[in-house]
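The next part holds the structures, each set out as structure tokens.
You will see two complexes here that share subunit A, one where it goes with subunit B and one where it goes with subunit C.
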Partner chain A sequence: MKEETSNNSRRKFLKSVGLTVGAAGVVSGFSLLGAAKAVAQEPGETVNLLTQDGQLVQVDKNQLRPTVSEPLTELQKRGREGIAGKSFVMVIDLSKCRNARKCMDACQNHHQLRPDQHHINVLQMQDAEHTAPYFMPKPCQHCDNPPCTKVCPVDATFKRQDGIVLIDNERCIGCRFCIAACPYSARIFQWTEPKDAEKYKDLTYNIEANVPQKKGTISKCLFSADRLRENKLPSCVSSCPNGVYYFGDQNEDAVTNGTTHETVRFSQLIEENAGYTLLPELGTKPRVYYLPPKNRAFEFNGDLLNEENLH
Partner chain B sequence: MKNAIKIIACLFLVFTFTTAVVKAEEWSVPASAKKKQNPYEASTKNISSGKKIYNINCKSCHGDATLGNMLPLQPVAPSDLGSQAFLIQTDGEIYYKVNKGNGAMPTFEKTLSDEDKWMVITYLRSFDQNKKASKKIAEVINPEVNDVRILLDINKEDKRIIANLSGLTKKGDRVALQGIELSIKVKRSFGYLDISGDDAYTNEKGEVNVQFPEDLPGDREGHVDLLVKVTDDAYYGEVNVDRIASLGLPTDPVNPLDERAMWGTRANAPIWIVLSYVGGVISIWGVIFLVLFQLMKLPKLAKTEE
Partner chain C sequence: MNDLPKQKETTLSFEKIKEDILRPMQNHKGLELWIAFLITVISVCAWAYYVQLRDGLGVTGMRDYVSWGLYIANFVFFVAVSLVGMLISSILGLLRIEWITPISRIAEIIAVAFVAVAGLVIIMDMGRPDRVVNVLIHGRFQSPILWDITVVTTYLVISVLLLILPMIPDLAICKNELKKTSPVLKKLYNILSFGYINTPSQHKHLHKMIRTLMVIIVPVGLAIHTVTSWLFAATLRNGWDTTIFGPYFVAGAFVAGSAALVVAMYFFRVSYKLQDYITDLQFDKMGKLMVAVCLVYLYFNLNEFLVPGYKMKTGDDIHLKELFTGHWAIMFWSSQLLGNIIPVMLLVTKKFRKPLPLMIISLFILAGAWIKRYVIVIPTLLHPHLPIQNVPDNFVHYYPSAIEISVTVLSFALALLIITVLSKIFPIVPICETADNNGIDYKIDA
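Now for the complex of A and B:
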């Protein structure tokens, strides 16, 4: 009888230690040392937590530590690594773009940008005097041979395994070498305090959305890397009302239209429509493909007479 | 259905922000255009392919036909295209309007083929209660069944997928269902790739036989997630089956960071570069310090000389 009780209490003790350790896995920023200390403490109020293996456990409240510094390093780490096994590509169908500029709005919303700052910009184009004008959205091309990352002296801008080129605000020293190196003018510099700086000031910096933005650093299109992690299409892609954007994984040879949600073969789409990339002669190997502005169902409503609008 | 709601919700958001100029003016159709007749018959096949095209191109604004769940755009909301008030128009009138567009309604002159447009009209006509001639003509009459099921038979050698659709009659016999369209889809990151082709209707054995694309990549082992479903939920509700099959091309994702490149990370730098760089730095600083030490020794030397 006595034997059993002691056995029981031992089991209880083991269990409680086990749970604490389990909970430590869930609550990031919670050290094992802290857990050991907390076990010795008097039990106070308890809260329910879900462990990593799906168990609901009760944890003493004073064992919990607020999460401050850990997530930043965690975000930085996974932001640098990227999503394994993916190779993201974007296809922009110029024949459908009619300058609705919803992509730009969505992007500026997502990345804390003012209306005059662009990660993606819809440009008015005319290739030669007698050719037809058209609209062309231009994000960062996420080059496979990016000139921008080569010149960064502090390794602040980098390419990751899924093909996305990102910037680390925390490292960037604002030298703007990368702006000079990028042949697509894809990068912007935060000359002043960013929009809504006050509102975002307590937010932990998320490298995959480059938010909060920081004065004196660089920003550019990120393919909405934070949304991709949740299997969502980039902001611009899913906000276009005209079905201009396709986005997908080249390893799967499939891209999905953000408007119609139709999924098509990437290789076929490019082949059948004579898809091309911008400035291929530079050897930057862009990840953004364009389908030519053919057979358009609308009139060009831009303002080509105004030199300023022509890019 | 869930997906449809999502799409509608998402497009709703998009369109509420759209500043498309909606002209509330009358939509006049020339008399000659009104006379145009739909050259396609109202077969089940045509109706269901019309429904597919409708769902991709029209549904986002007009909602489901007859349900009246269109977007509440201002000042003119899109019409319910399944309503009798709309279907009172001739085929030619609808065709003309789809082609030309008006205000917020875009033109589909070049974005949809003629055949596609007529298919949509065929589909819409199937809601028309006055036009007896264009009533849904079922080509095959399937017996009333319940417990509808899809059985999958996958042939790995020649990459063929055979889907068999059957249902249980009241008497308890399992019978094949004929003339029903199936969708065979492959899961990708952001959606499903349809590989069913143009003619995925079940034959008299209830079978659809589809060739899996030779060159479609799967994961490392070539596995792909297949989803086979009855295209039109209106027949038997949602009937689907999913399966992981090794039909795809095995693909080994390349990590661009593994290759050495100018922009590569420090981890990829060849050891001799690291060594000669570090060596260079050490020796240059070494020489500088050596000179400095020698200089510091000078005053001492001068003292001892004295």
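Now for the complex of A and C:
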């Protein structure tokens, strides 16, 4: 496994090793420096490694090869290109959202965020004084005319061929122009050292999940681009208990519900339920569609008047 | 009103001009104390910046919603003030207006100092200043930031040239006269005077170059502040999404820049005892100029606030209500009244265009101009299209932190230090041009 470790298995592998004594050795063993040192070691010296199926094996240190520098450029490259032939869309059914916030938790977990950092945020909305209030999950809209990527001076945030807008936190200079430009307030900034920075400091940066997070750079919803590559649904979509989210490929005209796993026609879903996008007058052309909160599956339990609930 | 200073000027001789202008450069105890003070302030505040570098921008009051704060307001202010160089020495210079001669160099020095520090302020605002070269490696022309960096640098270069070129004859004089200065300065004068001895052909070439630069700097100066305004106007936010931001910013810059110039003029006049050169005439004219630019600015303000205020579109209404009567009302109205309306009303009277009253009014205008920048940047960020929810309390308000204030003080002290040092090593009033203007003949030895 050490030779042709794909990045995914390596990450899982690192996770499974956890905090055992071997971990430090393995991590540094895989880091460029560690490996370079290892090559210089006497032959015959071995290290203990845990395989994916849970077996402990001994490997000659000289056989360890650095896998870090290559995959970084490789990850960056494929992260920038995107998945060919796809055109991802999300549909959010507002009639089903009851503010369970499982999507927020799953997202924060997946992207190593603090509890107050939101790639996706469930907002309590009321459109006009006498209209019915509702809950509205709001991820990045992955605009087709994205104001954020236009203003970035270094191309650190960009749109890929499959419609996802990503961030390269290895390149971002932290000017925060994209925050100013995003009308959906979808972006967050790492004002201080990110959560668990120490713990993940040896992890290779994966642009598709934007982890590990980096101080002084931007982060935002990525449609879990790393999970899409493995044919999984985004974290928020899979973790919603109430069937709020549909996610899929516009080219196939099919979206799948994250809770019921039912696949439906995207165009039909939008048409029958009068789907819409947020702030269409701004011309940003979002890829996130909303179904209006009609025939709701629950009582609105929020309190728009109570400021306490809003923060 | 013109004959009073004229009478005085007839008593000037070239020797006296030289003597008056070079004196403060050689021996000025107060100036050295002032420099020491500035350096102390800068060192203390540099520590604040170090803390920010170490711990991240989280030590500031900025958060995900107000992600641009004091620093960007400062940046806009610095760029605005620096435009005075273009206004005075280029536009008025090209119009061959003579009364600007004694103050044109002060204007250029202010321009150089403020635009240089503006560049630094942008870097101080960056989350990853260590990656600033990325802008060169991966720079993209779609981004107004790149245009901004380009024009700020261009403006700085041209302003430096516009400071040095007209000074060449004076530096040739410095080289000959200032025998006791340090060897470093002597060398500097030697190099920068380029062997100028005021032959007719040298004179002609030099003036051709200067005039060319004066023409070039006008579009660059317009560009720098227009592009700065586009940092805001290119976004879709209420309060920034307007088409007149470019000219609006330029007009505001002329107001702020003129005020800064008047304050500096007053200081140099008193401290360097240059009453014979920076006369009441200059203050009087500057006062009139300020009325003119303030009126233009007022007109833009009317357009900027009255038109959306009339319609009260969704989104704009919250923003405007907060400005007019809400949380920002005190700052908004004080910037409009102190920085614009009241000064215009006062400055139409001659007695307020005397040095001291004009200087005091200018201080208010400067303060108003700074507050105005603050009110442009922050309230808009606090009123996004979608509500601010589920975030900690300090995301919903913005108060600059002590670190931010220290770094701000740092940038101001730095600008003042640059001005002070430049005015210490260079003659602050053009010697040869003053002589030229008074029809006094002079020779420069090789």
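In this section, the second predicted complex is superposed on the first by the 242 of 311 C-alpha atoms of A that agree within 3 Å, B and C clash if a C-alpha of one lies under 4 Å from a C-alpha of the other, contacts with A are read in each partner's own complex, and residues count from 1 in each chain.
Note that contacts are C-beta pairs under 8 Å (C-beta built on N, C-alpha and C of every residue); 3 or more make two chains touch, one makes a residue touch a chain.
Note that the coordinates shown come from a computational prediction; the quantities given were computed from them, not determined experimentally.
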| item | value |
| --- | --- |
| First, second, both or neither for A:K150, with subunit B first and subunit C second | both |
| Subunit B versus subunit C as contact partner of A:P133, first or second or both or neither | neither |
| Which superposed partner A:L279 touches (first subunit B, second subunit C, both, neither) | second |
| Which superposed partner A:P71 touches (first subunit B, second subunit C, both, neither) | neither |
| Partner chain in contact with A:S185 - subunit B first, subunit C second, else both or neither | second |
| First, second, both or neither for A:C172, with subunit B first and subunit C second | second |
| Where subunit A meets both subunit C and subunit B, residue numbers | 150, 155 |
| Touching residues (chain side subunit C, partner subunit A) in the complex | 55-58, 60, 62-65, 67-68, 125-129, 131-132, 134-135, 137-140, 142-146, 149, 231-232, 234-237, 381, 384-393, 395-396 |
| In the complex with subunit A, residue positions of subunit B that touch it | 3, 7, 10-11, 13-15, 17-18, 56-57, 60, 106-111, 186, 188-194, 213, 215-217, 219, 251, 253-257, 261-263, 265-266 |
| Touching residues (chain side subunit A, partner subunit C) in the complex | 104, 116, 118, 121-125, 138, 147, 150-156, 171-177, 179-181, 183-185, 187-193, 215-217, 278-279, 282, 284, 310-311 |
| Contact footprint of subunit B on subunit A as seen in their complex | 84-87, 96, 100, 102, 105, 144-146, 149-150, 155, 158-161, 163, 231, 233, 238-241, 247-249, 251-254, 256, 259-265, 295-298 |
